[in-house]
Amino acid sequence: MIYVTRKTHFNAAHRLHNPDKPDEWNEKVFGKCNHPNWHGHNYVLEVTVAGEPDPDTGYVVDLGSLKKVIEDRVINKCDHRNLNLDVDFLAGIIPTSENLVRAFFLELKNEVEKISSAGSKLHSVRLYETERNVAEYRP
Amino acid sequence: MIYVTRKTHFNAAHRLHNPDKPDEWNEKVFGKCNHPNWHGHNYVLEVTVAGEPDPDTGYVVDLGSLKKVIEDRVINKCDHRNLNLDVDFLAGIIPTSENLVRAFFLELKNEVEKISSAGSKLHSVRLYETERNVAEYRP
Amino acid sequence: MIYVTRKTHFNAAHRLHNPDKPDEWNEKVFGKCNHPNWHGHNYVLEVTVAGEPDPDTGYVVDLGSLKKVIEDRVINKCDHRNLNLDVDFLAGIIPTSENLVRAFFLELKNEVEKISSAGSKLHSVRLYETERNVAEYRP
Amino acid sequence: MIYVTRKTHFNAAHRLHNPDKPDEWNEKVFGKCNHPNWHGHNYVLEVTVAGEPDPDTGYVVDLGSLKKVIEDRVINKCDHRNLNLDVDFLAGIIPTSENLVRAFFLELKNEVEKISSAGSKLHSVRLYETERNVAEYRP
Amino acid sequence: MIYVTRKTHFNAAHRLHNPDKPDEWNEKVFGKCNHPNWHGHNYVLEVTVAGEPDPDTGYVVDLGSLKKVIEDRVINKCDHRNLNLDVDFLAGIIPTSENLVRAFFLELKNEVEKISSAGSKLHSVRLYETERNVAEYRP
Amino acid sequence: MIYVTRKTHFNAAHRLHNPDKPDEWNEKVFGKCNHPNWHGHNYVLEVTVAGEPDPDTGYVVDLGSLKKVIEDRVINKCDHRNLNLDVDFLAGIIPTSENLVRAFFLELKNEVEKISSAGSKLHSVRLYETERNVAEYRP
């Protein structure tokens, strides 16, 4: 089995806030990440496909095509945007890294597998919120 | 001459917008950086002091003390904040990297030189907005 | 399943030496890593928790709390210390990266799982002795 | 189980081209990677061994010995070479990252396991063609 | 004075060879870099402009525009190409990093200064052939 | 003028301690860096030569030869050693980064200039004690 990964990035604003809870709860649980005027990150996104290389091309997936799918489905909707306010498929989700990687995985799965070699699967989505804080969804 | 550098980081939201100009001008000039709902970055900040080491300590500046000054004057005011709305010494400044490094330099100069060896000067302030975009103020 | 990782670092001295073996054996097996006056590293430590996000917070684990546990149990005992002489839970262990990651995992497991979402587990501990040499414990 | 990784690197030229297909197919499928005068990369190679540490040494594998095996079997044959023309064990293989990691794994497996602790196995070979494009073979 | 830097990258093949010298001289002087079947690198290019920010925009130079000029003048001509054979403005030049940075500087100077704030100058061009080998032209 | 840089690294133990001062002074001034059982770092060393490329080779300095000089004069004496106890040219020097870069510069200057193109000079020596703490000597 071969795992192929494409690394991309986007810059976005966000805020951690659960609207179903009182403000004091949010301040206590999320601390400075709850700041009402937003803060932001240079997110780094790694998308991994697992499969066997196509015998004609030697590719599990063409990384140029994979880049285009990631741009269409994730980057163009999130880059230079506010993750709480601007992204259709994140509506109603608290934008923790944990929730983001699951949402990105679901958004990417079908399109990524269409462009990959026969039998290949979307394996994982990993997101670096900072160099020190990382989340990965791998079902 | 010896140059000593301390690297720190903060995460903030911002937006490039000149309030003295019409919206169309701002959209044309700043493009996606003008997005009204903000975006953000993991900023990396490098502060450099130039001088001769103190003969007793071998230090141009104690990097622990330098870290504390940078935290007091810059990081604690900018981290997990909105650079357009929340930072006193940035009021009225379009938060481009160019304008930020000049503002940070002025904010740091006196306090940094107080804790440095005799004759040392604040040499430069460098800011990485992303890994690919950098500005440095060096008078 | 979601995997959340926090990256931290510490600087320490060590020496590879098996006291049950003669000096010639140690010199032959460990080479320059056996140097009697010690050497040292900037260790980078990655701790990964696996689980499901808490529905209220969206967190598998609050990375600020995870950072505090790692500091209490590992960093504060190892940073700017000698791994052969100064760390209680490393007594009697040859401080290879392999032995360090197992010891750190055992030291962290209970405390990390107490602060994580229901059902989450400490998944792995990875240690970069240098950028080129890495060990990971993943039971 | 402990996973020990050694990171190395080499610089090589290559070209993606399937000689069994017409030129137009190659240009369409491989795009600029099919350029006839070659292009090249700074490849980064990570080799991971999985096992239990030897009780006398605390090593799953001596990373100095592992480095020598990787140099003998891969680096010395690929570094400052043309991957399509110069490497015996790559003859007849389209040098995509997917095909390279499988070929490197097969080339390394026996020699790596000979120098590792009892029961240890070569676990994976990972190759960064660029910082953004990665392939891993993990059987 | 403010220094603004944009980092870009390209992947290319090359060979160090002085056609005015005999083969033995070339082999002795350039060693493995003289290999006749080429080798290659992931080049990282940093272009720095020095000046004062425009008062309306806060920019020394719009980094999006700077990126476009670097792409037009350098990246599109060098990326996935052979630096000895394919690049018009490198004809007759031995493609050492030293010679490349001077050639890139001359190629970029006029176009970069046209898009920069009044009085700004192209300050330097830095090229990483590998992470360990760097050359910079700064007149 | 062209600046050519070679990046190398070594791992060493050290301790900040001024033997002419009482223990309390040392503890107060150097804090955890004064720990008596040593600590250590993965030092990264960057050596820069400034000059004009030789017309026959296109080199300011052959980076392979520069690497050898750095190994002979610095790395082989410092790597896997104790900087307070084991290095002849550091005797009597408190091993702060400031003092190390000056000592390395003096140790390297003559040998580096012998292997560089006519008129070239050793320009600077930069040392990363950690990724966050850097010192540079540039006379």
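For reference, chains read A, B, C, D, E and F in written order, and residue numbers begin at 1 within each chain.
Keep in mind that, in the parts below, a contact is a pair of C-beta atoms (placed from the backbone, for glycine too) under 8 Å apart; a residue touches a chain by one contact, two chains touch by 3 or more.
The shown structure was predicted, so the numbers you read here are calculated from the model rather than taken from an experiment.
Number of steps on the shortest path from chain D to chain F, with steps defined by chain touch: 2.
Path length between chain C and chain F in the chain contact graph, taken as the least number of steps between touching chains: 1.
Greatest Cα centroid separation from chain D: this falls to B.
Pairs D-E and C-D differ in how many C-beta pairs touch across them, and the larger number is found at D-E.
At the interface between chain A and chain D, two copies of one sequence, fewer than half of the residue numbers in use are shared by both copies.
Farthest chain from chain A, judged by C-alpha centroids: F. The centroid of the Cα atoms in chain A and the matching centroid in chain C are 28 Å apart. A straight line joining the Cα centres of chain B and chain D is 42 Å long.
Along chain A, residues 131 each make contact with two or more other chains. This structure has the following touching chain pairs: A-B, A-C, A-D, B-E, B-F, C-D, C-F, D-E, E-F.
For chain E in complex with chain B, the residues that touch the partner chain are 1-8, 53, 56-60, 62-64. On chain F, the positions that touch chain B within their shared complex are 16, 18, 21, 29-31, 93-99, 101-102, 131-139. Per the touch definition, chain E reaches chain D in the complex via residues 9, 11-14, 32-33, 35, 37-42, 79-82, 85-86, 130-131.
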